[in-house]
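In the part that follows, the structures are each spelled out as structure tokens.
Look for subunit A in each of the two complexes below; its partner is subunit B in the first and subunit C in the second.
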Partner chain A sequence: MKSKLEQYVENIVRHTECSKQEKEDLYEELLIHLELSRDQLIEDGMTLEEAEKKAMQLFGNEGEIGSQIQQSLFPYRKELMLTLAVSSILFTITVYLINLFVDGDAQIGWLTMSMAIGAMLLFLPLNQFFHLNKKLWLNSLLIIHALAELYGWLIVSGLDHPATVGMVIWDWLNIALTIGLVYRTTIYDYSPNENFMKILHGLNITSGIIISGITLFFLVGMLIMIGEFHPRMLIFMSPLAVWIGLYIFQLKIVNKSRKMAFLLGLVPLIIIVLLFLWIYYPQLAYR
Partner chain B sequence: MDKEMMKGSVDLLLLSLIKQRDLYGYEMTKLLKQLSDDQYEMSEGTLYPALKRLERKKWVESYWSETPAGRRKYYKMTEEGLMELEKKQADWQRVNQLVRKSSEGHI
Partner chain C sequence: MKKKNIIILMLFLLIITAALIIIGFVFNKTENEKQNGLSNQYDVSPQHTIAYVSYQEGKPQLFLQNENETTGIMAAEFDENTMILDPSFSKDGAILAFITTNKDKETKLTSTVHLLDLHTNEITEVFTDSSTIAEVAFHPQGSSLYYLRAGTFENYSPIAGKRPHDFDVYEFHLQDQTLKRLTNLSQYSIHSLYVSSTGERVFLQRDDDSSVETPEESFQVKERIFQIPLDRPEKMSVISDPKREVSVFSFTMTPSEKEMIYQSISNPDEGGTYKYELYKYNVETKKEIQLTHIGEYVGDPVVSADGKTVYFMLDKKFAKGAPEYHLYKMTIDGDNIEEINLFSS
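Right after this comes the complex of A and B.
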């Protein structure tokens, strides 16, 4: 069974969003402090139980200290997440209402979906008990959120209302904050000696954003031209699938061969650059 | 001691201690208590957010070390930390002087 001190330290560490390794490190460091403090108090004449209680009391309130450590490690993370959540919920309601009043009809499916995502964004940073691979969950949620906001942009641009320009700007600010947070959760959260991983993730996120953008552009284009969804359109999603596959594969091999992982990380970006060159300067290829 | 005042000067205190020799967390609280004749009343835990902040700003570095009494996580000064400390000490001097002059009746 875990001792009282161990439980206490666990409660502190739970308030942080570190990687598993960093959590173990912090856990050990704090536990040593409490054990030393307890031993000193026993030496001063207290019983084990009294000493444990006093050591915890001297150390302070678990929630407060845990949150302070979190804030020191990831300044303003919580505030940024909350801002994003509130801003996107307000945006969703506003778009829905304007759409309803201008067109007399609105997209209830998008409203529900976007509100649910907003609520989850609000819930994730505030709760301390759900931390099963939180980084992955957070990023997936942020990406889905960006897609929902992109769809919101489509709705807004179809509206004939004086507020449209303001709404579009608001929407893109939300999207920018979302993308910024994806970069931050993935890249910033590594200790300085993991610089290589920062670069690798940075490469992949950048190509991921470009690829998703192009994919969505084609999908929406097809939808507008054909007017209805057809399963064959999913072919346009294949670059995205390849990108996901490559990304996962890089993370698998990165411990064995950094060079190989890095080269693979460059592949999508190189393809994108070549594609752009081919589209904008086709004469280069036929010279 | 005034807690708010302590909070404002915790970076300066910790950097001054770590400058003298590499220290681990528990040692620092103990030293602060001793040096202040037990007037230092901050919760011991508040030391760690401060240490993590100093580390993130690269003013101190940490490393694990095996001692006869067990494993300890030590903090040591960096070049940047040293420069920051000098700056903070100068600021502290200025505040100190101002407090003194204000109470000496120069008005």
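Right after this comes the complex of A and C.
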């Protein structure tokens, strides 16, 4: 059975959004600190039970301590997540109702998905009971959320309503916050404290966002032209598949050859820059 | 936050979502019910009566309004699964032909041609066909109806949506109720059927694909205006400028048939949204002048029986969502543009 001190420290750690390893380290550090304090109090003449109680009293309320540690480790992360969740839920309800009453279009599938994602985004910062805050989980959720918000943008763009401009701005602020949180989650919050890895992740996320944007642009364009989904449209997903493959490959080889990983991380960005130059300044290619 | 409070919060979101879904089912409209407002389907009689089609929650309504009056009178209404196409007056303006066809072409193809007697306001069904009848026009003597018939509704290419295809010109004799196929084009698409004053020729707009030999060349095809002598349809020829760089779309002929008014793009090389304007082309002098400079979407020209006025539709929401059509008129030279207010009652 766990001692009162162990239970107390567990409660503190629960209030943080650390990785499993970080939580274990934090748990160990706090427990040692409290055990030393308890031992000192026993030496001063207290019983074991009294010393444990006093040590916890001196340390403070576990909820407050946990929140303070969370804030110092991940400044404003909880607030940002809560803002995004509440903003997205309100946006979804507003767009759904306007679209329903202006266009007679009930986007039930999008509503259900978007509300579910919003609820999960709300649950994550409030959750102190399960360990769910892995980088992969968070980023997957944020990326799916960005896609749902992009679909929301398509709905709003097709609306003939005075609120359209405001809704579009609101939607893009949500998307910007989501992308910001993806960068933060990958580079700052859950990465080894090493500049090289931060740069590598940053390169990959940037190219990933641009490639996803281009892919979606073509997919939506084809959907509008054809009016229905066709398996051949999946060919437009191939740049995204190549990007994912390259990203995974870089993470595999980064310990053996940092140079190679960095060069591979640069490849998609160089291709994107060349493509943009070719599209907007074609004369450069034929000089 | 306590576990209990989180559960309450999640349940609250679930209840809101469920309530929104129920509201969605109650107020959702089918695609057929969504159409509203004036369409671009209209005609003008020699007596200046305008026959136009407007939609009310998906239901097509045919209205008649004299140009000098302030209110239109509803002559026909159909259910929300139907659309009314191409109201066309007879030469004397006494009878109006129009087409009704089903909106959902995936399940079946059916079109009916109707005649509305403007003296008795009586509507009769002329014939029904299991196809898409896109346009109808009277023979100058009123003895028969010419029409554009699309036999299929499919996508010819996997990267294109389903549309009516396999077009040809047909004739229906009103007296003996017989029909005759006049052309053997099986054309990808045809628009704007116009019958000559003698009834010996028809004019129509379609792809000029006569010189296409490779798939690549099919992307360069321009849409032009053709005339077809009905006694020898194989002698079909282009009568708009055969070298025009930009396609021409909806068109009409002037009563003298020496000039045509057509729609084309005024800014093909600018990039951005295309601007559609009306142009006048003289068949004899081969000279073209641009009639409108509105900078939006102008199309569907109709020339008055005296040849002095051009009517046209302007879509004020082109490329911005559902169309919002307004009817305008101007002189045959493109002057004195003014809107005709259509008020439905």
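Definition applied: the second predicted complex is superposed on the first by the 261 of 287 C-alpha atoms of A that agree within 3 Å, B and C clash if a C-alpha of one lies under 4 Å from a C-alpha of the other, contacts with A are read in each partner's own complex, and residues count from 1 in each chain.
Assume a residue touches a chain if its C-beta (ideal position, glycine included) is under 8 Å from a C-beta of that chain, and two chains touch if they have at least 3 such contacts.
Note that the coordinates shown come from a computational prediction; the quantities given were computed from them, not determined experimentally.
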Original post:
Touching A:Ile32, do we find subunit B (first), subunit C (second), both, or neither?
Top reply: first
**OP:** Would you check which partner chain A:Tyr183 touches, where first means subunit B only, second means subunit C only, and both and neither mean what they say?
**Re:** neither
Subject >> Touched partner set for A:Phe262, first subunit B, second subunit C, both or neither >> reply: neither
Subject >> Contacts of A:Thr112 with subunit B and subunit C, given as first, second, both or neither >> reply: second
**OP:** Tell me which partner A:Gln71 touches in the superposition: subunit B (first), subunit C (second), both or neither.
**Re:** first
Original post:
Any idea whether subunit B or subunit C touches more of subunit A?
Top reply: C
Original post:
Who does A:Met225 touch here: subunit B (first), subunit C (second), both, or neither?
Top reply: second
**OP:** Go through subunit A and flag every residue that touches subunit B in one model and subunit C in the other.
**Re:** none
Subject >> Complex contact set, residues of subunit B against subunit A >> reply: 24-26, 29, 43-46, 48-50, 52-53, 56, 58, 70-73
**OP:** Please name which positions on subunit A make contact with subunit B in the complex.
**Re:** 12, 25-26, 28-30, 32-33, 36-37, 58-61, 64-65, 68-69, 71-73, 192
Original post:
What residues of subunit C sit close enough to touch subunit A in their complex?
Top reply: 1, 3, 6, 9-10, 13-14, 16-17, 20-21, 23-25, 27-29, 33-34, 155, 158-162, 317, 320-322
**OP:** Flag every residue of subunit A that touches subunit C in the complex, lowest number first.
**Re:** 89, 93, 96-97, 100-101, 103-108, 111-112, 115-116, 118-119, 122-123, 126-129, 158-160, 222, 225-228, 230, 232
